[in-house]
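Next come two complexes, and both contain chain A; in the first it sits with chain B, in the second with chain C.
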Partner chain A sequence: MDGIGQGPKVVFTLPIFGGIDITETIVIGWLIIVAVLLVCLYLTKGLSKKPTKKRQIVAEMFVGFVNNMVDTTMGKKWKRYAPYIATLLVYAVLGALVSLLGLRSMTADFNVPLTWALMTFILITYHKIRAGGVLGYAKGFASPIPVMLPLNLLSEVATPLSMAFRMFGNISGGAVITTLIYSALAGLSKLIHLSFEIGGIGLNAGQLFIPAVLSVYFDLFSGCIQAYIFATLTMVYVSSAADEGE
Partner chain B sequence: MVLAKVTEFLTIDPATIVLTLCNTLILFLILKHFLFDKVNKVIDDRKNEIAESYKNADEAQRKAENLAAEYDAKIGKAKEEGAEIVRAATVKAQTRSDEIIAEARAEAKGIVDNANNEIEREKKIAVNQIKDEIAQIAISAASAVAEKEIGLKDNEKLIESFIEHVGEQ
Partner chain C sequence: MLTEKAFVLGCSAIGAGLAMIAGIGPGIGEGYAVGKTIESIARQPEAKGDCTRTMFIGVAMAESTGIYAFVVALILMFANPFIGKL
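Then we have the complex of A and B:
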């Protein structure tokens, strides 16, 4: 069965450094960037202090939503993190929702959540060092007692890994389940003679409605909630890392 | 059709990681530059404007209240002044009328006195005239009736007693 247990397809190979494979993930990422750029340009066209256009309200609602989220989770002084959190949210939500267009979910490629988790990890480490100095950061691993050192090291590494695997598992699992359900419904339709073939294209009646309902959960809900969880965890980890040294 | 190369379900591909990192940073810059910076600026501008207009409104209200208090004070003062003026005018008028009445009385009294004096004088003049006339008449009568020689002293005595008698009658 196509799609199950497979990673993203390689779209083309750049002929440098002995050939770099450009996968679906990256191409979809570019599409999302272009789409977001166009939407941003449209939404911020003709901004004014007294909003008259609907699109300004939408833009302000989105910015206000993210600002408010950062405010309540991280605090007022972290406002500059709002665009980064918005990036994670937008990229993760759109990356998961492209599956509704029949494309492969960007976040179903482990490399994507891993990249974001590594970015979060770098931010956590940066803020820990900034707050407590290199010495304080190193000491942090041996607290409250030196025996905890291996456990602390493990939990430090586990933070980004768990974040990456949580998102990857949810989205790719959803994709796998959706594919499995499609094939199962095809089999079921054939079994009860509700399968037709018109001009070489198979039509299975059972595939008409049920996958749409399940897709609401596995694609829409899961995609949005995982993006939200990832963004929230990033905010919590980064702000608590900065508070630790104080 | 070339069969597309398919990667493993779970691989770690450095190229994808690096490119995703770049993509994420690009998207971050796009969102920051084209959405957040612009919208935040507008929101901040609006906040400032609202704060400014509230400040102006408060100031205007305070000014208005000050002016109202000032005008109240002024009106109170003006009323007081008016009352004072009326009172002063009343007092002045009273004084003036008293003066006028006193003057009139004094004048009237002067006129009456003058008149009395005049009467007295006229009376005296009349009495004197009458006395002179009577003396004249007596002398002429005496000289006419009594042809006898009378000394000057006797004469005078006679006249005076005559006049005395006339006055008593």
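Then we have the complex of A and C:
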């Protein structure tokens, strides 16, 4: 049961401003950034007009996928958002999948999805103000009738919060469930005498293959789908915020 | 002997379990959404991409309530606010 219900461990503390804690999440985040940078440098080395190398085809496939996604969800004029969406997608997928390497999932820390959701919130507000002006933005809260003001304010705040909670809940929920099943399998295999001890290391037969199958769903599938949904929701909210004022 | 802390902890565990009953709603809703999507794909196979994309967004929306319940259960289990009030 250890490891669940606790926040990320503090790796070291920066001795400025009275001590800033550098947690596992930040370290893993920077590791992912460096890894993505290296992969990008490798994939885009020696580009040619007609792709001959395999790595260029892979890179073009990914860029085409994101461009197509932005085109179909937001429309042609929103093409400048493709790099932001691609960044979000790659960072979220890798942040969830580092748990396969035995590290702590980056998105299982609530601060990470909350930060991304706040970025989306800032984008939404920016586009609403740009489309309708500050007055139109303020007026939007009192529509259709002024009585709706508290409800509109609430739904405005609920958007980033629900996005952040969705991502955090899915990833950390998967971690909690797999840990619970792992410890339940240990008890079960002790019960039916399938637990051995080889050289002081306990081994439970029930723990061998079943967690791997569950991990495919809770880590691989859930991580990818949540990243995709987060990116899609960002696109939908931003483009609808811009359309609202017109 | 039932101490105050044990009572609060036990009640919190029951509350966490009760909170997860909310999982029924998203379960039914998501199943319905997926079923309807399959129906529409069977009727119009060329719209598969659009249908699937829209379904994922809808399913993610429907899932929110379940996730809120889960977060409440997590708070009750691991960051219990009632222990501090004893």
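Keep in mind that, in the parts below, the second predicted complex is superposed on the first by the 246 of 246 C-alpha atoms of A that agree within 3 Å, B and C clash if a C-alpha of one lies under 4 Å from a C-alpha of the other, contacts with A are read in each partner's own complex, and residues count from 1 in each chain.
As a convention for this text, a residue touches a chain if its C-beta (ideal position, glycine included) is under 8 Å from a C-beta of that chain, and two chains touch if they have at least 3 such contacts.
Computed from a predicted structure; not experimentally measured.
When the shared chain is aligned, chain B comes close enough to touch A:33, but chain C does not.
In the superposition on chain A, A:41 makes contact with chain B only, not with chain C. Judged by the touch definition given at the top, the superposed model places A:170 against chain C, while chain B stays out of reach.
Legend: residue contacts after superposition of the two complexes on their common chain; A:240 is shown touching neither chain B nor chain C. When the shared chain is aligned, chain B comes close enough to touch A:119, but chain C does not.
Once chain A of one complex is fitted onto chain A of the other, the partner contacts of A:162 are limited to chain C, with no touch recorded for chain B.
The interface of chain A with chain B overlaps its interface with chain C at residues 5-6, 168, 172. Those residues of chain A that touch chain C in the complex are listed here as 4-6, 72-73, 162, 165-166, 168-170, 172-173, 176, 225, 228-229, 232-233, 236. Within the complex formed with chain A, the chain C residues making contact are 49-50, 53, 56-57, 60, 63-64, 67-68, 70-71, 74, 77-79.
Remark: chain A residues 5-11, 20-23, 25-26, 29-30, 32-33, 36-37, 40-41, 43-44, 47-50, 56, 59-60, 62-64, 66-67, 82-84, 86-87, 90-91, 109-112, 114-116, 118-119, 168, 172 touch chain B in the complex.
Taken together, the chain B residues at the contact with chain A in this complex read 4-13, 15-17, 19-21, 23-24, 26-28, 30-32, 34-36, 38-40, 42-43, 45-46, 49.
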